[in-house]
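First chain written, first letter: the chains are A, B, C and D, and each begins at residue 1.
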């Protein structure tokens, strides 16, 4: 795992140490969706009755057709939006009921790769990654060391001084990945983190997330890329039309998909058969 | 093909009618790269000696690893950048030598899907697509009809009134596609137009481009998605390290790939074996 | 370009950035208010100057016991001079009455004998007659038979002149400062407003829009902003003027003898259309650096 | 927050938007120049007022043939009054000489008999003595034996007062207008500058930055801008003042009897630090609506 040059792992402070509820056990689920509804338009909910339990240290793919609500699901966790009905608990706390002054402390426990990257174009690559650590008040020496390491892990070693505007789409995406992992968060929310990467690099990034996952980090990995999903045996959460269909053990054991055969790209295997 | 509600196909005016050179024949190549170099950094060219001939009415995939120069190749065509050495001819005219007042007329012949979409977030979906036709001074009635048709073709029928900001990543990408095809351009430059789409929709969009291609439009389709490339038998232009390796007949006949078998995702088939 | 499309695009911009527009218009109208206020001050100052200029006068004291016929002839001569606008005869009695009326120190002077106040001809001079010509004329008139002495009030005149020119100088400096301020505000407002919409301009250019097409709605919006701001400033100034007029008339006008006047209609029109023009120009110019996509 | 990080982030902003910053600072400094100019005008106006206030006077005309002893006693009485600063005796001859010296109409009046000019005591009154007290005093003094009449110059005094208050009113209105202008310019400049950096603020907030963290560098930048703009304005005003001083002294000061003065040091300090403060506040306030990500 990424550590400072002095070998000390700097974790962002534990989430709501004071406010955590009494039933906090080490293996309490990190993220729980309880009957979550989200309406952007009155007549047609984007999410309808989502129930999910994500255990501490899980690795989940989130998939589903365009407009299914994958990004919305993740945005509800980091309080870009709030649920219209139901509840989302992160480490036992109801995310929707956080005061707005507490939201930054929620987000410091998350590593987020945004679907549209959200890198600042007129900053350098280094500054874009370092900002996540500066927010945590980390001393500059440590920031330098950890940013350099994160950039190396996403294959951008030595590009720190470049303006982000001049990077290729895939390079910008990797900057976003580096920013998400550099803080060593408890939960990584990666929204389509390989959409602009070639198959090689996509596997590399997936492997990177798996390495981080191996140190105990929980990962939610939203992607369309069935060839990526098919390569690994992680839990799959498939969204369609705002509802959830899930498989515990990856695409290989998905109903209708033969063992160890990559999925057909006709997609029927991932379609929700009945509402 | 997209036509106005009155059935009349409105083509943007032919490119440089007056300025076209005398050797203009119907089957002159539409796009020619002659030994093109592009340096963003002194020491390391992004493109080094690219030679390509794209015939009128061709459909080409452009592929290659992240940072290979795919976007740069397309950007040189629409004069976002200019070549540092060599020449690019579009319809016989040297693109680099256009006066800046002529560039708009070059671009009106192109339909461009940008890798980062470049949709205006605070406009509605309709406005984002209509702007391409308003630039051509098309009468509002015709604009309405053609925008509605384009939105329907990308699966966004009825979403015209929504703010683009609220759309999902894939929906925004389809808005960008609609804007590129609505003008019925002579040449479509699609930079990763399916990166945020699920496999189903990706095939749909590919099929859409193929339908447009069938009416005589030339298409350059840059993509990482080997499963998409593997489904069709189009010409493949693979970039690596700024150089070009190409196959005339699609992935199925790519050296090392068995007939009619989808490519392995290890990607070795697409790597340039020797610099 | 289709006019309907142009207006539609301008309205789209207005709708999206309504708040920004209100802020911009309000700040521009403050700037225009400064200009209009300076204009108003200058207008009134020059009315004052004219009034004082008109009142340039000269007193020709008549010799003791000058013949009525001589005086009449003198009057005719004086009236024929181009610089002289009007001649009024003041007998010794009139002069004494006038003196007592003006003088605050009434008590003892009432006993002054009429001889102290010689009869005189009071000349009103043409507006703008310059001091050296007045001096020359005074010298000539002093040679005439019935004339005892000539008073040109040169000292007072000089003081008035220098006061006026100081006032004009101050007003001019103020107007310059305000003009600078207006230019800075308009330039910045439009430049920054345009900068906010970089992405929009980039999209237009990449889709093949000509510079003129991109500029169109911005220029329409800039014109509207300048127009609205100038009109607002004129309105505010007008109501401010109405509200303060009583006060002004009581204090200032009582002293200077003129009533406060509002701006001429042509000035109002020039201000408002000037505002629209500056808005259009500002938009067009500040767009330039964003058009190189 | 690490101070080093804070400064680093502020410098990053400065580097990126250098051009925007220069534009903002120049437009702010124009606004501050207006404020400083109005302050300068007010400073000089009140110096003028004070000078005129000091010169409030009263003339006590003595009865014909008043005894020297009576006059001396009167003088002692008058000198003991708290409102009276100084008493000067003017004999009939003195008065006549003074009158002839001041009057422009010299010729005939030279023959005036000394009786016309009664001897008097000229009183200089204490600064700021209000008119009603002067009237009361005049009434009491008029009762005294040796006193013929008392002249309070009330008419002149009133005119001066109303001229001054008109001047103060105008300067005040100007200052208000300018303050409005400054607020509008600062608010807009900072609001628009911040709007340009929406994406940056959004990224910070989404990465878990507190509002205070986001504000930090913007407030530093705003403080710096306000400080630089105010300092620049003071410098420009100072050099403008030096350049125009000769002109001013020649025209205005010759009329009013005072010399043009620059702003007090404490005003300069207040202006510059006020500028920095307004910059900081403007930044902090205009950020508010962008912090809700």
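Methods note: a residue touches a chain if its C-beta (ideal position, glycine included) is under 8 Å from a C-beta of that chain, and two chains touch if they have at least 3 such contacts.
Note that the coordinates shown come from a computational prediction; the quantities given were computed from them, not determined experimentally.
Enquirer: Touching chain A and chain C alike: which chains?
Expert: B, D
Enquirer: Would you kindly say which chain has the C-alpha centre located farthest from the C-alpha centre of chain B?
Expert: Centre of mass proxy via C-alpha means gives D as farthest from chain B.
Enquirer: Working from the CA atoms, figure out how many degrees chain C turns to land on chain D, in steps of 5.
Expert: Roughly 180 degrees of rotation.
Enquirer: Rounded to a whole Å, what is the gap between the Cα centroids of chain B and chain C?
Expert: It comes to 64 Å between the two C-alpha centres.
Enquirer: How big is the gap, in whole Å, between where the Cα atoms of chain B centre and where those of chain D centre?
Expert: 69
Enquirer: Measure off the straight-line distance from the CA centroid of chain C to the CA centroid of chain D, and report it in whole Å.
Expert: About 24 Å separates the centre of chain C from that of chain D.
Enquirer: Using the touch definition from the top, which residues of chain B touch two or more other chains?
Expert: Counting only residues that touch two or more other chains, chain B contributes none.
Enquirer: Which word fits the touch map of the chains here: line, ring, star, complete or other?
Expert: Contact pattern: a closed ring, each chain touching exactly two others.
Enquirer: Kindly provide every pair of chains that touch.
Expert: A-B, A-D, B-C, C-D
Enquirer: For chain A, which residues count as touching chain B in their complex?
Expert: By the definition above, chain A touches chain B via 40, 63-67, 70-72, 115-116, 166, 168-171, 174, 191-192, 195-203, 224, 226-227, 231, 265-267.
Enquirer: For chain D, which residues are in contact with chain C within the complex?
Expert: Those residues of chain D that touch chain C are 20, 23-24, 26-27, 30-31, 33-34, 37, 61, 104-105, 107-109, 111-112, 116, 118, 148-149, 151, 153, 155-156, 159, 162-163, 165-166, 169, 173-174, 177-178, 180-181, 184-185, 187-189, 191-193, 195-196, 244, 247-248, 251-252, 254-255.
Enquirer: What does chain B use to touch chain C in their complex?
Expert: 78, 80, 100-101, 104-108, 110, 112, 114, 118-123, 127-128, 131-132, 134-137, 139-140, 179
Enquirer: Given the complex with chain A, which residues does chain D contribute to the contact?
Expert: The touching residues are 1-2, 4-5, 8-9, 12, 16, 199-200, 202-211, 213, 292-293.
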